[in-house]
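Presented sequentially are two complexes of chain A, the first with chain B as partner and the second with chain C.
Moving on, here comes the complex of A and B:
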């Protein structure tokens, strides 16, 4: 064997390697491109929007797409193009941080339950099951109507409801490694539970949890837009896809453009995240088709 | 002249690498199998022996393809036949017995149904005839009461019985050629000896040709007429079993035989350096060149071809076979005998230890009480002196690993005390143990793939105990890691490697390094060599012995391999069903196995010598639970006295050589009985 070979890769090289693998397949490349495009758009769009998103002009009500108004105008005469490229900003921010919270609490509780096992595990998992049986949208509506629709309420609330599934995935992934001898060995050496979680378990379950988190992100995006659609998400006149679809859906038969643009924005982002998450999972060597999401 | 069943001509099988090169797994294999002959194929993992066996069935694994050559079964080339045609040959003409019968039997179908299925596929018998045939087959593989056996599910059978069912299924189509891929590897020593004896009988009885693939030279020696030794995808030696095992004329076989610990020769075997080359890495010269002690420049530049030597009836692939032929027999090998400085200084004391796996009732759980009249492990009394190597031996289910876990604190004991040093009692609960005791007792596991975190580098793995127990940091930590790695013969460049980038032996060295990094007083070794190849096993055993001499560590060595135990231990404790049967200095135990169970166990060990046959004294029944009363070995004892063995726990008695046994029969009487047999 060739001894002095293979320089070990550092973290950045590893991330680069993963992204390269993801982009090597058409689906991964498309997903990544869409996602990056949306993120860049969300960050930079305020710099170059052609019109003011809240400028109402009754004379321009429901103008069809033209060179002046690329995507037409809505029922209040606002430019749909402006509102569409701005409409993803809140959704992306809220769901991104929401997913992070879901990952953090879901992941740590799942790993903890997997490690400790026994009675504590039983009780926690039954509580999670009970929560899973409550329709999330009902519970969300309750929370939002009690505490209001500010971002500071939405992010933790969404994070909580989408973290329940991650608990199960993290727990299952922990169960896979917990029986291995290296955990037994660490226990026999007398490491604390914290140190076992951090050093021995986390590196082995991190990939599975991260992929699950990426999937939850796209689901949460759909959930957040549904809330907006129902009028419990972002409050007008902030541009938001869910809200835009809700406002324009009654006029769909003669002003299709006002609905189509936000629908396109939302679905392309969700498809982008889904494709990226799948490619991410494959690049890390996790086959999502064999591990059903809970 | 015997008819040839299968003939393989110049077979090369390989795969295409990512760079587009063709890399061969099998290189120019030519051999033939005669009718009624049993051929053993040996080699270490990665030598291509399984690929060859599968090719004999006309099967090439996914990703591999035939580069050249043919595999003729009578007059058909199996490798060119269509799947439809192969279906008529597989099962009917050529049958295969897989390694793990437990996994190859469908768990939710009854045994009888599964054999019936094989019969329906491979014969044209009617329903009533098939029923008769099932009983006949089960009888043939010596399963008791075939009718009830046919109604059972695979999980209701023991490992040995499952393997017998697999044999029965393979025999269903009365094949001309039987391929066996490591058929006894997962079985206990006594069961293994029985299954091999059965296979021998079937080969003689039915006249079927057999190909027996194994890494175990002991098993090969017992069953085969002819042996093929494979190395790195090539046949390096092919000839009659006696000439190959008694007078190996290829340096690889020579080294391999020297590295196997034997019952007849105490002391550590010599190890063979290096490891098998990766497929495709050898461009020219002999593939064994790097590890060969006889090699010269010629071997480096030219590849030897398989040469037939008339007088030995053997083919060999080596330029130097004449030198080896003239070399002394392997018996004269110099074996390192071990001399441990054992201080009369007790380091660990197990008194009346019982361990139970029984599930506790809720009330008992609350009261922290364990109620079990028949625990898995019972009445273990062992003293271990400083610097000693104590081996725990026994078949699976004998509780040897359970005892180790209790010493390490991973399992709670039911009764009894474990004392460390003279007076310090080790707590039952790991969390309440003093960190200095935790440091003093370290574990090494069987399978390094499982015991090393796959996402840690070697540096991180070895740093764990150093940081935990000594709080080392930065450069000091790194220096210490390098020092420890150096002790196990691994250089500094291993620091950044991940376990998957290491070979089996290297991984186990890392595991040893991690244990020694804690500067322990006692190391618990749980089957540390059984996942390794023979040549690597010898190296690891030697390493453990050297480290012990340097540090004066005490080992508790658990193994099912009695020859390995013989090589490394000072004292042996024989366990059956969680009860001690015999304990004493290993020299005495191996010379005069007094307890009937020890006798049975040692009798079943397979030596790599076709002239030493295993003695099958007791039945290989598997008992699921230790008996409630009396002697633990009463169910299988060939020397059972009667009611006294069933009702009374036998007393301890000590023989003149210092080994103690637990038996109702007097030690002298046992010895006389053994001599008279």
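Moving on, here comes the complex of A and C:
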């Protein structure tokens, strides 16, 4: 009991240490600030939005920004400020849970493949390679257009599709530790496979997998918003940045505000997640600039 | 060496084979088929039978797969559902247009990326590096459709320098395309260039810290001679593979950018065929895009093999 408490305390201390290292550099601090700001905004924004996000008013079409409508109104007379601060909620929820799914299935399959090796490993890696060579946009569009665009489809679909890259990373990380002495001695002590995975391998590959998951998060957000931009993501009138940009794009020669506000929201969130992931990787001592976006 | 090359090519072919199986099976297990989509509400009785007969859907799946795959090998993808056109006739000009766009972006992007990467690595943590690295982080993380929309807003609408929308027919010649593709090319190459520049940077920094470069410095080799003779050849080699992966990833970006600029390439075909549930076209597109991906990676692998003497000798020893 006492030991377990001590272990828990160590985990919290480690998390605190990592966050402290991340915040010690300006880029990491900026990233964390933006990300935390967006998360707080997403959680609390329904409490203080000034207008109803789906209230259509033909008399207020394309009003320029004013003290009444801070970011103006869109082509249906809806308040752009309201829709912009609500616009990150779906994106954040879908991509966060999507990354968790990607992390879980990619990580466990990767560790499994690295551990068993042999024929099974060969076959799985071939199939993963094949999936990697289908462009993400084609696969995602196909899944979404055939199964629908509800959150319940989008989360597992994105999670599945962005998890295949994690399989490779987890497998490589497992390969690195598997020949080490402590694994061999754990085997010699007669530990079961599960116990070796849980106590010996996982603590050593966890960092690499988590950094990979953080990276996937920003790419998944990019993929998700591209889908909604193309009209295959969340369905209107749900406020979503990608959808807002795509709707306001045709009229941007006279109503630039309706397109700039969601662009600012989405770009700042993506940059925030990216800087955070970068700082996270550096704090754990992993160089992510040598990785290609697959 | 020879066996290694053959092995890589075989692995690529196996990957493509699995891709074709996945796409074929994926379309097969989903509810509905070409005939029910095409006939919509009249999909019953004799009309359905006749349609199955005509499209040859009344034979078992594995036979259809074999005849489809055989056709694909001969650049024959069968008929599309909308308009019942031969797919390869629809695809031809669009593939060409997309290739023009992609190769222009690559030709512009790679030299700039090399230059930026080398500059940032050599002036590491000093002013040029800080400025360029910040800019690359921005241009790398912002999605294509946002940078494309901003480019149209600023360059085409506010400054009125260039056309914001591509208005050329699908069969346009390259010279007709050229003035129209400036903005799309900038939008596509921004992300790619930034990614590559970062990889080149970290690769150069790694080599600069290696023993043989330290040795060259101690021997008194002039700085620029050291950079060009000792650092760059060793630093750029590992970057080739990663660059290939970036180019392959670009395929998705090309699709989105083409939609934003209304460019008559594969991207719009992807969206149209998926909205219309034109599954034969989707299958054809999947196999073509996957072949491009596998091809680029194969070329990168082989180039690395050719250029890296260490890998050659390793293979001979085995």
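As a convention for this text, the second predicted complex is superposed on the first by the 279 of 294 C-alpha atoms of A that agree within 3 Å, B and C clash if a C-alpha of one lies under 4 Å from a C-alpha of the other, contacts with A are read in each partner's own complex, and residues count from 1 in each chain.
Quick note on the criterion: a residue touches a chain if its C-beta (ideal position, glycine included) is under 8 Å from a C-beta of that chain, and two chains touch if they have at least 3 such contacts.
These figures come from a predicted structure and were not determined experimentally.
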Which holds for A:184: it touches chain B only (first), chain C only (second), both, or neither? first
Of chain B and chain C, which one contacts the greater number of residues in chain A? C
For A:259, using the defined touch cut-off, is the partner it touches chain B, chain C, both, or neither? Pick first, second, both or neither. second
Thinking of the overlay built on chain A, is A:36 touched by chain B (first), by chain C (second), by both, or by neither? neither
Quick check on the superposed pair: does A:203 touch chain B, chain C, both, or neither? Answer first, second, both or neither. first
Just to be sure I read the superposition right, which of the two partners does A:116 touch: chain B = first, chain C = second, or both, or neither? neither
With both complexes overlaid on chain A, does A:134 touch chain B (first), chain C (second), both or neither? second
In the complex formed with chain A, which residues of chain C make contact? 11, 14-16, 18-19, 22-23, 26, 30, 137-138, 140-146, 149-150, 152-153, 157, 195, 198-199, 201-203, 242-243, 245-246, 248-249, 251-252, 255-256, 259-260, 270-271, 274-275, 277, 282, 285-286, 289-290, 293-294, 297
Touching chain A in the complex, chain B uses residues 275, 277-278, 281, 408-410, 430, 433, 435, 438-439, 441-443, 445-447, 450-457, 460, 464-465, 468, 491, 493, 496-497, 501, 503, 514, 518
Flag every residue of chain A that touches chain C in the complex, lowest number first. 27, 126-127, 129-139, 141-142, 145-146, 218, 222, 225-226, 229-230, 232, 242, 245-246, 249, 252-253, 256, 259-260, 263, 266-267, 270-271, 274-275, 278, 287, 289-294
Within the complex, chain B is touched by chain A residues 1-4, 6, 8, 180-182, 184-191, 195, 199-200, 203-204
